[in-house]
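Following this line, the structures themselves.
First chain A sits with chain B, and in the next complex the same chain sits with chain C.
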Partner chain A sequence: MTGAVSSYIDERTSISGFVKLMGRKVFPDHWSFMLGEVALWCFVIILVTGTFLTFFFQASMAEVVYEGSYTPLKGLEMSAAMASTLDISFDVRGGLLVRQIHHWAALLFIASIMLHMARVFFTGAFRKPRELNWVIGFVMWILAMGEGFTGYSLPDDLLSGNGLRIIDGLIKGIPVVGTWISYLLFGGEFPGTQIIGRLYTLHILLLPALLVALVGLHMVFLIVHKHTQFPGPGRTNDNVVGYPILPVYGAKMGGTFFIVFGVIVAIAALFAINPIWNYGPYDPSPVSAGTQPDWYIGFADGALRLVPPGWEFVLFDTWTVSMNILAPIIAITIWIVAVMFYPFIEQWITGDRREHHLADRPRNVPTRTAIGVAGIVYYGAMFVAASSDLIATHFKMSMENVIHILQFTLIAGPFIAYFITKRICLALQKKDRELVLHGYESGRIVRLPGGEFIEVHQPLDEYERWRLVDFNDYKPLMVRPNSRGQINPLERVRAGLSRWFFEDRIAPVTAGELARAHDGHDSGSTHANELATAGQGVGGPPHTNP
Partner chain B sequence: MSSPRRRPSRRRGRRSPLATIALIALGLVFTGSGYAAFSAVSAGDTAVAVSQESVERGQKLFAANCATCHGMSLEGTEAGPTLIGVGAASVDFQVGTGRMPLANTGPQAPEKPNLFSEEDVQAMADYVASVSPGPGLPEEEYLQTTGDATRGAELFRINCAMCHNVAGAGGALTEGKYAPSLKGTSAKHIYEAMVTGPQNMPVFSDANLTPEDKRDIITALKYQEETPAPGGFELGALGPVAEGLFAWIFGLGAIVALTVWITARAN
Partner chain C sequence: MANPGSGSDIVPVDSSHGPQASAGTAVIAADAFENPGLPPHQQRVTDLDPKVDRRNERGVSLIFYLSIVFSIAAIAAYFAVPIVEDDPASVRLNNLFLGLAIAGALLSIGVGTVHWSKALMANHESVEARHPTRGSEATRARAVEVFDLADKESGFGRRALLRNSLIGALVAVPLPAIFLFRDLAPKSNDPAGMLAHTMWKEGTRLARDPYGTPIKASEVTLGSVFHVIPEDLEEAEHKLEEKAKAAVLLMRLKPEDLNVSAGRETWNYDGIVAYSKICTHVGCPVALYEQQTHHLLCPCHQSQFDIKNEAAVIFGPAKRPLPQLPITVDSEGYLVAQSDFHEPVGPSYWERRGDYDV
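Now for the complex of A and B:
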């Protein structure tokens, strides 16, 4: 029966060749390689539950009187959007559960995207040939935040209305064009009667369509480039070691979908999210304590909270320059643009135009890892600042102190984090070197015939050693004159940056060093020599795999 | 707090004319007493029947527990404000919720277990009210949860939520001060807080929120407190911060743990 069906389909589509090709595709095994897939499944869950919600949601700001089941709002005037969201929550069978699944899945969607981005960043999986896929992923992250924010605004409750008001303020803070853009977006003065309908179109039509298209493109690139893998025995830049899609990875993917769905449904069934019945319909006058955006927009809210007071000024007695709004926008934009272009920036600094299919262990590229951690601290300071009020109440601090600490963290934190991370990476590399050269300390003390005591080290096996020595060793770029014999000033900058990137580094252990280390076990004196070789900043001979 | 069941909202205008007159009279009494308390103009004693015995007991308790900071005759010292004109409602709130006597100075007096018996609190309230008039204890009728919850919730959002959070979960103020959570606060104490404006809270006089408005607010708060949350565990009703933290730690934590399991090699 199955055979008949499959040959019926194959005779009409010739799909078997494609299935054979895809089925034999090999994926390497590592938990962190599943994060992008988790994001994909979250997106699927959001699409399915979102479709259900569209059956009942009315994207209209027409005023209606709520007559649904929730007593404390009964008889209140509100927009049709708010009333229909309340109906979904209280009067549509299963509506509240689906709403909560949709919202929790959205929070996890963006969280898994960012964790996936962090994984790609710290393992250097954005390097050639995957730079474009990094940019596609970056755009999807921005779109996902757009999806999240438009969705957060749709119920037209007090919380989302306040969020929109902040966005309105941000837009109006842009010099010259801000007011015009705001009027265009809201169809007049905030809040108007247009915005919910417009956001709805973006939320269910434009943004999902773009996301689906980009997800497809992202996956095509993934198949074309093949997946990166961590170094290990038998793994080279030219192969992929792992399991084929059929039967192993196909099953794992299906399983992952159900597991992600299960976790989200369990959370949604047990924990309330966005209880709009507490917030009530939007009214421009009240603002609740604890008004925050969903976590992924938190960094923008936090940036606004971190601006010191009094930065706005009036230019030529005519134009108010709202630096209190522009400074956060600039701070965020710098970070976002840096994330987007990082692969190209790093490629220019390192001058490395080779293809890379082996993922870096983060410690083996200390500067990149340190830059990444610094970026996380910068983002984190803004993100945490969005909850400054709750930190103050829950940790019994004054809000001013929380803000000042976070202002310090925003400016100085990235530098401190950069320095500490780089040192930790170098120390871990030294430890790896030490392990490769001497093996583990066994704790067994042996007395030699001559009376000398030595501790016997247990050498690593070859598989483990390979993992520790198989990485690229870079050297800073030299400033070279171009064809006309001139030294471009840009080249000087580049060489300077390259020195910064690669100056402090630990070279991987070479075969020669390894051989010497093994010979030296009879005499204790070689110990000191080896330690000296392992010191930092040693260029060492060109690296070869043992 | 008679029955947890809510009766359909009572519309104004359906009362008998006598009730309206009575309400107006009560409103006038409260407005008058509130005005007397906060404009420091003596406008008549609001204390009902207070026994001399209770006042004397209150005076002793006051001298032992409060006078160090507030002065032997309520005049106030450098450590504490004068209590002339604060009224019985203020004493009942501050001592009844354990905020006074103060354990130590700080940005704000925190709520703590009340160490006095009901009679002791009453006695101190009687004493303070006997020295000079001020807002009295609220009348039972306005402490019932039979008001209009819809109206009360709206009034709460407009007047209270900016500090106390829409769900009454509390919020931060400046310099380490805060608006406390209203969960578990009795109807009487909520009413007294609105009338007397303790610590950083503004006074919501009867001209601002009528006694009926206050009752509606109490009704809405008690409805929120006593009705099970429709969506499941509320995570402290703190809004998106709690939700985001939960999504990252427990949601993504669980999912990452499961991906580790999926990709683990069978040994």
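Now for the complex of A and C:
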């Protein structure tokens, strides 16, 4: 029976070729490889629940009188969008559940995207040949935030209306064209009667279509490149070790979908999200204390809060330049653009044009890891600033102090984080070298014939050792004059950056080094007196920088 | 032991990372360790003990049956815990039971499947070879050949006139679309002009938000604050748009507490002052009034305005003071506006001038 069906399908689709190609494709296993998968499944959940919501939602700002079940708002004038969202919440059985699944899944979607990006960044999985897939993923992250914001605005409640108000203010701050863009976007003066319908079109048509297309492209590249794997015994840059899609990986992926879905439904069943009935319909006048956007927009809102007073000036008494709006936009843009271009910058510095399929352990690329953590602190300062008022009230601090501390964190935090992270990475690398060269402490104390006590060090076995020594090592770039005796200024910049990246590198232990380390000891088999000398313990073989 | 004297040396890279690719500044040690290869396969308890295998199989199938039970429970919850009209509490119960049952059904499938794959499916590591991402030389040569042929057969490179006129046409064709977007907004050609005025005018009574009842000066006691709209807001054609510009806060301070600048002496009425409620940063309503200090706080980005000093900014990202609405009382003792604001309210915009008469 199965045979007949498969044969029927194959004779019309040649699907057997696809199954042959894909069915036993090997995927490496690591918990961190699941983050992108969670994002994918969140997206599926969002599409499914979002479709359900469109059956009931009315994207209209026409004034209606609410007559639904939620008594406190009965008889109030509000937009059809708000009224239909209340109907979904209070008059459609399971409507509130689906709405909350949709919202929670969206929050988790962007969180998993960003964790996935962090994983890719810190393991260097963006290196050739995956640079373009990094850019595709980056664009999806931006689109996902766009999806989040447009969706958040749709109910036309008080809180989301204030969010749109802020967007309107931001747009108006753009020099020359801002006023017109706002005017066109809102179809007249803020808030107008158009914006919800327009955001709805973006939210359910344009942005999802782009996302679906890019998800597809992202997956195609995943298959073309095959997944990266962490270094380990038997794993090389030329193979991939793991489990085949059919059955093991397919089962795990399918199972993960149901687990992600189940967890989100459980959260939606237990915890309310965006209770618009507490906020009421949009009205430009009231607002409550402690307003916050959804978490992923927090960094943008926080950036606005961190601007010191007075950053606005008027040119020739005629044009207003709102640096209090432009400065945060610039600060965010620089960060975002740096994220997008990082793979290309690093490749330019190393000059390494080889394909890389072995993931880096973050400690083995200290400068990159430190840059990443610095970026997270920069983002984190802006993100935390979005809750500055709540922090002030919860921790009994003055609002001004909270803002000043966060302003300091935004500027100095990345440098401090960079320094600390780099030191930690180098220390961890030194620890790895120690382990490889001298083994681990066995806890066994032996008394030598001379009366001396020593602790026996146990050498690593070859499998454990391989995990610690299999990583890429770069030396700082040496600039050489070309045939005409000139040095390209761009090469000088590159050499400077290369020095910054690699001058205090720690090289992996080599077989020769290990052998020499052992030759130095007369106690032979027990590797006993392992008080590493400074030269052996740190830094590895001398790499001078000519 | 390789090369004992000199430690690691820098040697050329092999081609394992793809052909003809530069290794840049990478260092490859001549005496690096050799990959020991896959460690011996570890068998699981389920591989060794058929009893454990059976137990796991039963466990997983039990979980799958549990999922069916949850699915039925979800349907039961749909009917057993219905939404009762006008009873919001019933929504909570409906949400809870429906949600937990569906979550149970989904989680059971997920947990069961993952456990099946980890404990019972064959778990021998498979190894697959990677190939360079770039096509083989022959494939690449053929691709170049295809493009050459296409170029030759179409004359794309040779017929410059044809090609360039096509490129020109393709560049021009999206331009009309840009113009179509003009009608996203109404015909007015002066959005900046619209921002510069509100519906306040001489004699408009100040009314309570949202009821629209006018306010007598005698009702505004010391230390009180009123959220204010123009009395005729209800009749406005674009109510929300007008309100978004015209919302005002009304406060009464001791007249001696007010620092009044020249030209504004008559703008307050016996210590009663009216300021725009729309933040000069990005337009949130500046709704929080601190009675003791007479500071206004914007809850969105924490700009603070000092009412004693004509709403000057004392903290936060806003630059400009909140515009003041000149007020007085009419013959019946109701507070009225003397005029519109003397400058645009709300967030800054490019066309906002710097020389308003305030």
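Just so we're on the same page, the second predicted complex is superposed on the first by the 511 of 546 C-alpha atoms of A that agree within 3 Å, B and C clash if a C-alpha of one lies under 4 Å from a C-alpha of the other, contacts with A are read in each partner's own complex, and residues count from 1 in each chain.
Heads up, the rule we're going with is that a contact is a pair of C-beta atoms (placed from the backbone, for glycine too) under 8 Å apart; a residue touches a chain by one contact, two chains touch by 3 or more.
Keep in mind the model is a prediction, meaning the values are calculated, not measured.
Student: Using the superposition on chain A described above, determine whether A:291 touches chain B (first), chain C (second), both, or neither.
Tutor: A:291 sits against chain B and chain C alike.
Student: For A:96, is the partner it touches chain B (first), chain C (second), both, or none of the two (neither)?
Tutor: Both partners.
Student: Pick one for A:256: touches chain B only (first), chain C only (second), both, or neither.
Tutor: Both chain B and chain C are touched by A:256.
Student: So, A:162: does it touch chain B (first), chain C (second), both, or neither?
Tutor: In the superposition, A:162 contacts chain C only.
Student: Mind working out whether A:225 is in touch with chain B, chain C, both or neither, as first, second, both or neither?
Tutor: Only chain C is touched by A:225; chain B is not.
Student: For A:24 in the superposed arrangement: first (chain B), second (chain C), both or neither?
Tutor: Only chain C; A:24 stays clear of chain B.
Student: Can A:14 be said to touch chain B (first), chain C (second), both, or neither?
Tutor: A:14 sits against neither chain B nor chain C.
Student: Applying the document's definition of touching, compare chain B and chain C: which contacts more of chain A?
Tutor: The partner with more contacted residues on chain A is C.
Student: So in the superposed three-chain picture, is A:280 touching just chain B, just chain C, both, or none of them (first/second/both/neither)?
Tutor: In the superposition, A:280 touches chain B alone.
Student: Considering only the touch criterion stated at the top, classify A:482 as touching first (chain B), second (chain C), both, or neither.
Tutor: neither
Student: In the superposed arrangement, what residues of chain A touch both chain B and chain C?
Tutor: 70-71, 89-90, 96, 100, 252, 255-256, 259-260, 263, 269-270, 277, 283, 285-291, 388-389, 399-400
Student: Provide the residue numbers of chain C that touch chain A in the complex, in ascending order.
Tutor: Touch list, chain C to chain A: 1-4, 7-8, 10, 13, 16-18, 21-29, 31-39, 78, 82-83, 85-88, 91, 94-96, 98-100, 102-114, 116-118, 121-123, 125-130, 132-133, 181-182, 184-186, 191-192, 194-195, 209-210, 227, 229, 238, 240-241, 243-245, 247, 277-279, 281-285, 287-288, 299-304, 313-320, 346-355.
Student: What part of chain B is in contact with chain A in the complex they form?
Tutor: Contacts found on chain B: 6, 9, 107, 149-150, 152-154, 157-158, 161-167, 169-176, 178-179, 220, 223-224, 229-235, 237-248, 250-252, 254-256, 258-260, 262-265.
Student: Mind pulling up the chain A residues that touch chain B in the complex?
Tutor: The contact residues of chain A facing chain B are 29-35, 38, 70-76, 89-90, 96, 100, 104, 107-108, 111-112, 115, 158-159, 252, 255-256, 259-260, 263-264, 267, 269-275, 277-280, 283, 285-296, 298, 386-390, 392-393, 396-400.
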